[in-house]
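Have a look at this one before I ask anything.
We call the chains A, B, C and D, going by the order they appear; numbering starts again at 1 in every chain.
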Amino acid sequence: MKHTTIFHKKKLKLKKPILIEGLPGIGLVGKLAADHLIKELKAEKVAELYSPSFPHQVIMQKKGTLRMLKNRFYAWRNPKKNGNDLLILVGDVQAVTSEAQYEICGAMLDFFHHQGGSFIYTLGGYGMGTVLEKPRVLGSATHKELIPKHEKYGVVFGQSQGSIIGAAGLLLGLGKLRKMQGVCLMGETHGGYVDAKSAQAMLEVLCKALDIKVNLDKIVSRAKESEEFMKKMEQETQKQEKLAESLGKDSGLSYIR
Amino acid sequence: MKHTTIFHKKKLKLKKPILIEGLPGIGLVGKLAADHLIKELKAEKVAELYSPSFPHQVIMQKKGTLRMLKNRFYAWRNPKKNGNDLLILVGDVQAVTSEAQYEICGAMLDFFHHQGGSFIYTLGGYGMGTVLEKPRVLGSATHKELIPKHEKYGVVFGQSQGSIIGAAGLLLGLGKLRKMQGVCLMGETHGGYVDAKSAQAMLEVLCKALDIKVNLDKIVSRAKESEEFMKKMEQETQKQEKLAESLGKDSGLSYIR
Amino acid sequence: MKHTTIFHKKKLKLKKPILIEGLPGIGLVGKLAADHLIKELKAEKVAELYSPSFPHQVIMQKKGTLRMLKNRFYAWRNPKKNGNDLLILVGDVQAVTSEAQYEICGAMLDFFHHQGGSFIYTLGGYGMGTVLEKPRVLGSATHKELIPKHEKYGVVFGQSQGSIIGAAGLLLGLGKLRKMQGVCLMGETHGGYVDAKSAQAMLEVLCKALDIKVNLDKIVSRAKESEEFMKKMEQETQKQEKLAESLGKDSGLSYIR
Amino acid sequence: MKHTTIFHKKKLKLKKPILIEGLPGIGLVGKLAADHLIKELKAEKVAELYSPSFPHQVIMQKKGTLRMLKNRFYAWRNPKKNGNDLLILVGDVQAVTSEAQYEICGAMLDFFHHQGGSFIYTLGGYGMGTVLEKPRVLGSATHKELIPKHEKYGVVFGQSQGSIIGAAGLLLGLGKLRKMQGVCLMGETHGGYVDAKSAQAMLEVLCKALDIKVNLDKIVSRAKESEEFMKKMEQETQKQEKLAESLGKDSGLSYIR
């Protein structure tokens, strides 16, 4: 596999879909929100994305099988006649190099455009370094005219002049070059732990913006499950990597990998 | 050379070959097992794989000649009328970047598919950090239905939820996307030394799965030879690299390499 | 986006344009000088360059919108009948890998050649490690015959035998291979801070070389604004990166990015 | 420039040329030997090689001009009727990544093959970590049958089982895959300084092998010049790099490069 590849169902026929990106990032805020949305809306998996720029690893599952690292698109069909369908993007990882991020985000936008979509919400966390009683939802928009509408839903604009790293930023930046529009929503979060509270604040805002209703009862318990699973997998992986390295260092076998 | 290239004999005509991968990894468990299999079965070298993502080095041999770093495929023709032939993959190195691993594993699967194969065993070590009296053989399968059969041979499934790094994982992950099937066998091992005992445990299981018989007498002595050769080569290489670096640091000549 | 891309206005019709490069570098000397030139000359933005080798980030702007990292070309039309128009190149970043720098500089030269240009000034800083009362402007030329003329304007040649890193060097090196000519102007500077004084010395020389007049009154205040904006953005970005990393380290979630 | 490019004179018409590679490496032994050979034989520059994998820098020359980093081929026409012409390869740098080394060495072999050549000597240093009274010349050959002949000239084979890093190894490894032959000659050297004595020992052997005579009087003084020039350039370059970095660290401007 030399390029990012998206395997998808034929003939999705979505109604003016809105893309909602929730890949792993600071505080896992975006990931928790998007995963929760998928489960509560019972969205259907319609596409899988694989990339040679993802880590060269496969995940061992509890049931004894293995699977590739991937990103996934879920579709939710809006029962309202003129409502927008949703295409929700989640996954195990983001690529870590610039070239890979540009390539992968480009492939995602190709797919989204092909499904007839042109509006994007990206979800992320905004690290504050402190614990917050009432995390706000910060925003940054591709176009000025999107700001007033989203301020009404409670999004706070113009609070930060830093940069948005990864797919949450690039999907909007590259999308704008293709005449798409969108808003990056960032839940304020400590940054040092998985933050269900911030994800909840974000979902409240997002549901208003999308004009949908989603039950938030299970978000805390799901955040815990998600955190435990990921810690376990990460720790196991790190253990194997450390042992592999130590073999190299101690015995002079490092380069015969 | 810009891409991974496989030079192979024409018209191999293998009978439903099974791929067995044993490239260098944790404890060299997979490599020891696969090398032993090749020698005991007197398998014939049928293909060589070169890649620009392998280290930019050549190996000096004792007899005064040099050779490229490479991976090699050996074929064993099953004397049983309906038995599967084997295609055993071994080598000096694995690539270290994700993009290279995806490209090389893709080239390997192209070659294997072209030979008519669709079932893969990948062999690796599973680092425990402790010395084990009786190392078990852990497994992870591409498909659920492969588990019960392999449990009968003594493979233990579902014991780890980490990830499988490198070709042992990717060949199966990418193979699965191409409708291939397979099992990753991981011998439990300390991780900090070359482990013939774990390789032996793995071969016992693998021979059952393949329904073949292989004498295991020489595996310990071969492991020692293999370890000594590799340490020697690695130490020499590191020495040259350190001297090259020290020249740079001390005298300001580092960038004129 | 897989390659460096330049979006530009159609039919620029420039008169023998001279390229002036002032991307970020040591002491921001080149950037300050080029940005000042654009403002004082009221040069018009005519092209934007995007590259997958720029950091995978977007910039959040004060007004609540976001934008891609980019380089920009501004055109100034020389009112003199036979005077050269100017094409001034500025931007947020330079790429950090060799391959990317060669690709991007190649794309820039393609564009410049397409506009009918063949002479280049690149502007940079030359780090001295000490504070200088009267910073000189050092030069290095693509062709020997350019030296005497520029010595008359006060440029000092042959003072350094090091190398010029980045676009300031490569645009001239690659340009020379395409039969272009040019001079790299380097303002002497401490290196450890943003240096408006050095930028001023450089502009004095450059204006003589270009036979234009530019008011230098506002260069100090603009340098301060520029420094403050960039520090703020950089600090915010670093904060987010550190928080993202610390999450990984402390909780074992680093690889699920 | 996206790929390694060789600019060469048309219609070189060389007689069965032998390639002699002397790029920078341990102790600069190969570089000193090859540079000396070019000067004493008054070999003519016939080709220049540029690569986007070389550092993104240009070199400032004493006379006030700048030039690209490059590798160069020099041709020496053998006055003997049936003697082999020589194609001597020297340069400022080698690439540092595997992919780049494979690509560049491939381009070099394409060019050499195109000139009708098929035999290669690569020259390098072999770091010993100690000062040697009488440095030997170690060898490693592409083919066994080359060993006895070169032992007669004083080359010592089979003394090391490490690996040969960089172009000195890869040109022979990749050349062998193309049915070329050759020998890597490695002068024993301390490794921590520029070693004219080792280069002299190597040239004595090489001249025997090539059946040519070369005056060695000036090799020590040339080695000193070469060392001084390179130290100066390297130190200047490192100074600029450090100042550029320090600006980033202290003031938060690192990523706006």
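FYI, contacts are C-beta pairs under 8 Å (C-beta built on N, C-alpha and C of every residue); 3 or more make two chains touch, one makes a residue touch a chain.
Since the structure is predicted, the reported quantities are computational estimates derived from the model, not experimental observations.
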Mutual neighbours - chains that touch chain C and chain D alike: none
Homomeric contact chain A-chain C: same or different residue positions, threshold half: different
Rigid-body rotation angle, chain D and chain B, from Cα fit (steps of 5°): 90
Where chain A and chain C are represented by their mean Cα positions, the distance between them in whole Å: 35
Rounded Å distance, chain A centre to chain D centre (Cα mean): 49
Residues within chain B bordering two or more other chains: 55, 233, 235, 237
All touching chain pairs, where touch follows the definition stated at the start: A-B, A-C, B-D, C-D
Chain D - residues contacting chain B, complex: 24-28, 55, 92-94, 96-99, 101-103, 106, 126-127, 129, 139-144, 147, 157-158, 160-166, 169-170, 172-174, 176-177, 184, 191-194, 227, 230-231, 233-235, 237-238
List of chain B residues in touch with chain D within their complex: 1-2, 7, 50, 52-68, 229, 232-233, 235-237, 239-241, 243-244, 246-247, 250-257
